[in-house]
Amino acid sequence: MVFAAIVAVQIEDLLSSVIAVGAVGLGLSLAFLILKAPDLAITQLVVEILCLIILIRATINKDLPVIRDGRWFFNTTSTLLFIAIFLMFAYFALRELPHFGQPIMRVAQEYINQGKELTGATNIVAAIILDFRGYDTLGEATILFTAVMGVLAIIRRVGRINEE
Amino acid sequence: MSEYILCFALFSIGLYAVLRKRNIIKIIIGLGIIEYAVNLFFVLIGYRTHGRAPILAKDQSILNMVDPIPQALVLTSIVIGLAVTALIVAIAIRIYEKYGTFDITKIRRLKG
Amino acid sequence: MKNEAGMTLIVKTITRLTVGLILLYGIYIVLHGHISPGGGFAGGVIIALSFIHLMLAFGREMALKKLSQAAASILESLGALMFLTVALLGFLGGYFFLNFFLHKGSPFALFSAGIIPLCNIAISLKVGAGLFAIFAALVLFRGIGEKE
Amino acid sequence: MILPFFVIIPLGAAFLISLFGKKIKNFADLLANLATFSLLVFSLYSIPQVFAHKILVYKVGSWIPPIGICMVLDGLTSFMLVTINLVSFLVTIYSVSYMEKYTDKYRFYTLFMLMLAGMNGIIVTGDLFNLFVFLEIASIASYALVAFGTEAEELEASFKYAVMGSVASSFVLLGIALLYSYTSTLNMADISLVLSGKPTNTIVGFIAVLFLAGFGLKAALVPFHGWLPDAHPAAPAPISAMLSGVFIKTLGVYALCRVFFNILTVSHQLLFVLIVLGLISMVVGAFLAIAQNDIKRMFAYSSISQIGYIIFALGVGTPLAILGGLFHLFNHAVFKSLLFLNSGAIEYSVHTRNLKKLGGLNSRLPVTSYTSLLGSMSISGIPPLGGFFSKLVIIIAAIQAGYFVFSIVAILVSIVTLAYYLKFLNFTFFGKLDEVRLKIKEVPWAMRLSMIVLAIICVASGLLIVPLFKPFLESAVNVLLLGSSYKNAVFGALK
């Protein structure tokens, strides 16, 4: 997946790079399945397909000259240096997290133990997003609504009424 | 540990794409990769060794499940990512229509 | 715009066969969201995909005949309002977002878990219509001079 | 009990407007104004509630907080709510006339209401992930609103803004993920409870840096300020007023101080970082503002400079400094939105924003010129007005805390501010009137009304600081001073 991501960023042809992103997304979907998150796997899969269609729609049929990246060696090095420092700090910080595979589950255990009795849903993820944290989901639905409204507003052909 | 580091590597690749690329579509792709990395990280921290998916079967009594909260959160954040991508692509298409290019260095009408 | 009306015959035939199935699968996922993996979002996206599929295969007129863009955005607002209403109905029990069904039904049944299936349906309506509206807008934009 | 309505009203209004706005004429105007007015009433009503109960916690869906989401009403919340809803109410009145220039007005109102819902949601929530969700609502709505004119510059500014904003959100989300992994809870008070049981170490610092980067990007502190001078001028004037006036403060300053003071209880080094960032923003913003010829760009740089003052005051961290910072936040919300509305009025009647092409508008636009005179005087700190007192309080507090050099810099920046606002007034309202413009008329009444009201508040906040604002501000300051005992207050209110 990391490899596919590098390919996606570095490849010159835009269409191939979009397809490489698709590979990253599908890899992510598989990873979710391995990590025991079937809900996410399904959602990620379909969302990925939709994203790809939208992105391909944006890139296809446009005469795209190959854009060379900036040749300033200095800028690239400084960016890489910044990222390296970021990763180093991240490494030190991550060492203090609980080990992989052993989450603390302070609140989560209560959901698992009582989720069925309290909400009646057997899919605990559904119980969380729609009942315990339903307010979040309202926000999430609103985000999508906002995006739709935003797209419809941006796509308008005429933005301003001319007074003259 | 190595899983976390790989995840951060993915994050950095996305960040690099956003910071250094000149093509608008590449920048959008970079944003997408950052989004993936954060989502993956969320799910990774919720994983429990030999855990089960957080869905009860008919006669199940084992409660050794992976952490369901990050999954619920990631579900939200996937949708957020989709919304942001759609909006930015719409802006990008309009920009392409106005300028006829995806090259960010040629789109420089604003100063500063 | 007639020359753009869809792809080859093979694609059209297969689409005709599969679109219904995709739509049904989406609805199944929505309704069983509280029992099995999936839920409003995944289901809604699948429903939207079935319409987008139609649009890709047959060209935009065909899909828009089934569900016009204005209808899509109205459906979306309705879905959003329905979700908000479900949330507001919680005030019957005294709290915002209260799961107001007193007995939650037997687990594993289709009609169980209080407000969760209702929310799922509302969300799927919203997501499906909304994504279709986005897509239709992005596609329509390229047909110059058609809108308005 | 009133808390959920701060989110429900704008959301419901947004959905209804998008449903009926196209069919029924003037429905959108009416409903939007009604919604913001009722929000203003609710937020004013929250003040006595806070005085009576100190802190109120509302459990969404009747789940006890670590399990469900809660909303918290305390001094800081009600302070921010009043600021936001006051400005947004006046801005909606203004946009009834102003937005006639654009097509699809109802879409504008829908997005506006969604942005408002997002900001109110950020303020009232007591849950970290919920804060992120509403942050995204507000940001996405603002990306779309910046590009609302669909001209080339606006699209470009919006793209830049959207990319920076999404990166910022990713940083915030990463911070939340790390925090969740470390504490295994998402409720703010609960996180603070868990963190107080553990020794401070690298990870908390790392998380704090991530949050600083994320919220700093949203607040346009100087290393991260690139998007603001493009995005704010590109938006329609009411939106510029909202963005500069309250948006960057809600998403940046409020979220930053909530997280830093109440959840993470940051160390002195980090507060010093805040001071330095604030100072740099102050200086850079002010000097870039002088060089501008576009009115709105000048105001946008001035926003960066004033945000610098607020962050500087929060970084100093003494009670007096925080009081000054919050008071300055309120003042800045009022006079910066006033100034942006003025610039909108100028653009509305003259169709240009270039300072070199303006002049002598004093006689033609009397209301605009007098209100912007008041606004400019207040922002540059002329004595009887609000801006003077807030800057004075900040500088006194900085001297008391021993930051002599920094406070001298702050005074100098204030003088620079006066200089560029004099430039603005001089080029716009005085001097020779272009003969083509002899016929221009004053802007419609709705725009005039909101400008006049904002100017009155500008004067009033200076004159009434002691009797009216002090208890109000102090209850907000107390919340930040509570620091880590915030958790006790929240859990105490639950029992």
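Here the chain labels run A, B, C and D in written order, and each chain numbers its own residues starting at 1.
Here is the rule we go by: a residue touches a chain if its C-beta (ideal position, glycine included) is under 8 Å from a C-beta of that chain, and two chains touch if they have at least 3 such contacts.
Quick caveat, the model's predicted, so the values are computed rather than measured.
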Touching subunit A and subunit D alike are B, C
By C-beta contact count, A-C versus A-B, the higher one is A-B
Subunit A and subunit B have mean C-alpha positions lying a whole-number Å distance apart equal to 2
In whole angstrom, the CA-centroid distance of subunit A from subunit C equals 21
Between subunit B and subunit D, the Cα-mean centres are separated in Å by 28
Cα centroid separation, subunit C vs subunit D, in Å, comes to 36
Where subunit D touches two or more other chains at once, the residues are 11, 15, 18, 60-61, 129, 133, 136, 140, 143-144, 147, 150, 155, 158, 181, 186
Contacts with two or more other chains occur in subunit C at residues 36-37, 39, 41, 73, 77, 80, 84, 87, 96-97, 99, 107-108, 127, 134, 137-138, 141
Note: subunit A residues in touch with at least two other chains are 38-39, 43, 47, 50, 54, 58, 90, 94, 97, 103, 105, 107-108, 111, 116, 122-123, 125, 129, 131, 133-140, 142-147, 150-152, 154-155
Residue set of subunit C touching subunit B in the complex reads 36-37, 39, 41, 107-108, 127, 134, 137-138, 141
The residues of subunit B that touch subunit A in their complex are 1, 3-6, 8-10, 12-17, 19-23, 25-26, 28-30, 32-33, 36, 39-40, 43-49, 51-56, 63, 65-69, 71-76, 78-87, 89-94, 96, 101-103, 105
Within their complex, subunit C touches subunit A through residues 29, 33-42, 45-46, 48-49, 52, 56, 73, 76-77, 79-80, 83-84, 87, 96-97, 99, 104-105, 107-108, 112-116, 119-120, 122-123, 126-127, 130-131, 133-135, 137-141, 147-148
Within their complex, subunit A touches subunit B through residues 1-2, 5-6, 8-9, 14, 17-18, 21, 24-25, 28, 31-32, 35-40, 43-44, 47, 50-51, 54-55, 58-59, 62, 64-65, 67, 69-70, 75-76, 79-80, 83, 86-87, 90-91, 94-95, 97, 99-103, 105, 107-108, 111-113, 116, 122-125, 128-129, 133, 136-137, 139-140, 143-144, 146-147, 150-151, 154-155
Note: in the complex, subunit D contacts subunit B through residues 129, 133, 136, 140, 143-144, 147, 150, 152-153, 155-159, 162-163, 166-167, 169-170, 173-174, 177, 180-181, 186, 229-230, 288, 297
